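Attaching a single structure in structure tokens format; questions to follow.
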Amino acid sequence: MAQRSLKGIAVVGGGPAGLMAALTAARHGAAVVLVDENAEPGGQLRKQIHKFFGSKAHRAGVRGYRIAQELISDCTAAGVELLGQSVVFSLRECTLDLLQKDDAFNLKADAIILATGASENALAFPGCTLPGVMGAGAAQTFVNLHRVLPGRRVLMVGGGNVGLIVAYQLLQAGAEVVGVVEALPYLSGYQVHAAKIKRAGVPIWTSHTVLEARGDQEVQEVTIAAIDDHFHPLPGSERTLAVDTVCLAVGLTPLAELAWQAGCRFCYQGALGGYVPLHSDNMETTLPHVYVAGDIAGVEEASTALEEGAIAGLAAAAAIGCPVPIAEFDAAQERLVSLRKGPFGDIRQLVKSEIVKRWADCRVVE
Amino acid sequence: MTTDDDIIICRCEEVTKGEILRAIKAGATTPQAVKRFTRAGMGLCQGRTCRRLIAQIIAQETGQSIADIVPSTYRPPTRPLTVASLRRDNREVDR
Amino acid sequence: MSRRRIAVIECPEEIPCNPCETACPQDAIKVGQPITHRPHLDAQRCMGCGLCVAACPGLAIFMVDIKDNDQAEVTFPYEFLPLPEPGDTVTAVNREGISLGTAQVKARWQPKGADGTYLVTIALPAALAAEARGIRRPSCDN
Amino acid sequence: MRITNHPLLGPQPPVNLVPLEVDGQVIWAKEGEPIAAALLAYGIRLCRTTKRRGEPRGVFCGIGHCTDCVMTVDGIPNVRTCVTPVRAGMKVTTQRGLGQWPNDH
């Protein structure tokens, strides 16, 4: 395999965290290569057609795909080199193995920022493999990015923000959403997102689950049922709905394969989606010069991913010798902390502090 | 109606929940062991879809916390690629 | 009592969000610090311009205007096709999407910076003003 | 079904349609869109049947991770259609099991 060495920073993943990391590092004088497996970077931002929460500093009120457009043009202006359609298939120390279209080569950098995001969790039930059962994020990609409806009548499984937002966006695209089922007795997503689809006439069934999807070559109907406190279906509560699509929005898991391979230390944090690489509050992992940002470091939101990206970009740039004023770190940390407040944010702030503590413990031992 | 045991867990290798439960009963109580026993996670996607489901089943059956279930080893490549692409060598060296 | 168009904010949770505060040209909406505080409306200052309705990422702000003749106007954000036209007779719905009866579309407009979100104003009996928060989508069959 | 008009994204901008052969039938696709999107636009949701049980599969993750949507493209099996862009004249076939390589016998 051919080799390339970069006196600078390689960023893996061109979503909100990766774009912001690349932009921030480049603005501080670092040579930056941004690697993304899609033809165009932007990650999940590209299909987020809703307006973001946060404050003006977090680009609140701006639709996600516009934030992607802005960041990409800012990156280009700042001199970030973009490697599109490039898959990083392994990582050891600061060397990436890459496949660009059909060519494999490796790229050695002075620092690496992993911003690979998260992947959707699956749910297993009879019929879950039928064509028409798919991730809510998959449906969102087809609808908002490729402008194709994956089906016409949809059941959404999961009442978190992803399920509620994608249900709304399916309606906007012209699909019917027959309902949203959520196993918990309450919705974990924001009530304002639930209110949008309720006003639009979509029923939300809490304490309900999917029993089975049926169909000959693809989904034709789905049976749901109420469940008790132990998640057991209540006999007699079953109802069958004619649908051609079942969307699963049952959580996300940090996509940390490269960090595992490279040998980063991990800990399990259910509140952040599962195993996350231990990291400092500057987003450095237990491996020197390997950083993480965004959902790989714990599943949160695009707004927090942007801020973590900024911090990782600053830290990596500083680590390779670029001058970075300390005030910029403080400002980015402050913006990040402001997003992790209130009943939804407090727990994430707490867990993140725990991760940073465990990271520090690891550093002392080694 | 399909029974619980018939539910597909590993979509690539078509491993059912029943097969995984049998493996656990036979002593395969880690993701690594379940994988060797049943081939769950050894298909084209390399466990990317079923990994979490298998950890949940093991946790449930063995009474362990999901946090204590160590995932099976992550190996390259993280995406399917052809061996031919690794052989090619038509890039400039060191720019 | 002076009756005029005024914002109604239905933002029940402490989420990190404050575009309503920055959108208001009258400084009538206060979120403050931290930005997870719920917005507070100073009703005296609100001029009913609707900029906050279009700016709210959660589509959680409405405007209500109770007239003297037992009629009212309710304004809400709308992001579906087809768009209702002024003069159309529509079905007003409550927060649960349940029909409240017919209403007339009075206006439909897009404030600056709304980026695709329309504001629709419907006229209906004043007794329904506290309940009406939208209209039935034409394709909705339930 | 294609989304011709959208309340936020507006009307579908003009696109370059190219022919794509799916199991011998010609469909028209947007150049560069994922093969799976072109198929969904025609309501085609079956990508393959499985090797053990012969069960139908289609798009599941939509981001190239799960490999459920693999089909045989221009004779090459196991191509992830959700992340492989359409090129004019591609030949796509519903894959049975693990598929066959051109020189397999």
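Order as written gives the chain letters A, B, C and D; numbering starts at 1 within each chain.
The definition used in the following text is that a residue touches a chain if its C-beta (ideal position, glycine included) is under 8 Å from a C-beta of that chain, and two chains touch if they have at least 3 such contacts.
Please read these numbers as outputs of a predicted model, since none were measured by experiment.
**Q** Ranking chain pairs by contacts, what comes out on top?
**A** A-C
**Q** Distance between chain C and chain D based on Cα centroids, please, to the nearest Å.
**A** 43
**Q** Return the distance between the CA-based centres of chain B and chain D, expressed in whole Å.
**A** 25
**Q** Where the centres are mean C-alpha positions, what is the separation of chain A from chain C, in Å?
**A** Result: the chain centres lie 31 Å from each other.
**Q** Express in whole angstrom the distance between the two chain centres, defined as the mean CA positions of chain A and chain B.
**A** 21
**Q** Using the touch definition from the top, which residues of chain A touch two or more other chains?
**A** 37, 63, 119, 122, 129, 172, 174
**Q** Tell me, which residues of chain B touch at least two other chains?
**A** Only 11, 48-49, 79 qualify.
**Q** By residue number and range, which residues of chain C touch two or more other chains?
**A** Those would be 79-81, 115-117.
**Q** So which chains actually touch one another? I want all the pairs, not just one.
**A** Touching chain pairs, listed by label, are A-B, A-C, A-D, B-D, C-D.
**Q** Could you pull out which chain D residues touch chain A in their complex?
**A** It comes out as residues 1-3, 6-9, 12, 30, 32-34, 36-37, 40-41, 45-47, 55-65, 68, 82-83, 85.
**Q** Sort out for me which residues of chain A touch chain B in the complex.
**A** 1-5, 37, 87-90, 97, 99, 102-105, 119, 121-122, 124-129, 212, 253, 257-258, 260-261, 268, 270, 274-275
**Q** With touch defined as at the start, can you tell me which chain D residues reach chain C in the complex?
**A** Interface residues on the chain D side: 5-10.
**Q** Could you pull out which chain B residues touch chain D in their complex?
**A** 11-12, 14, 43-45, 48-49, 79-80
**Q** Would you tell me which residues of chain A are touching chain D in their complex?
**A** Residue list for chain A touching chain D: 37-39, 49, 63, 119-120, 122, 129-135, 137-139, 141-144, 146-152, 172-174, 217-218.
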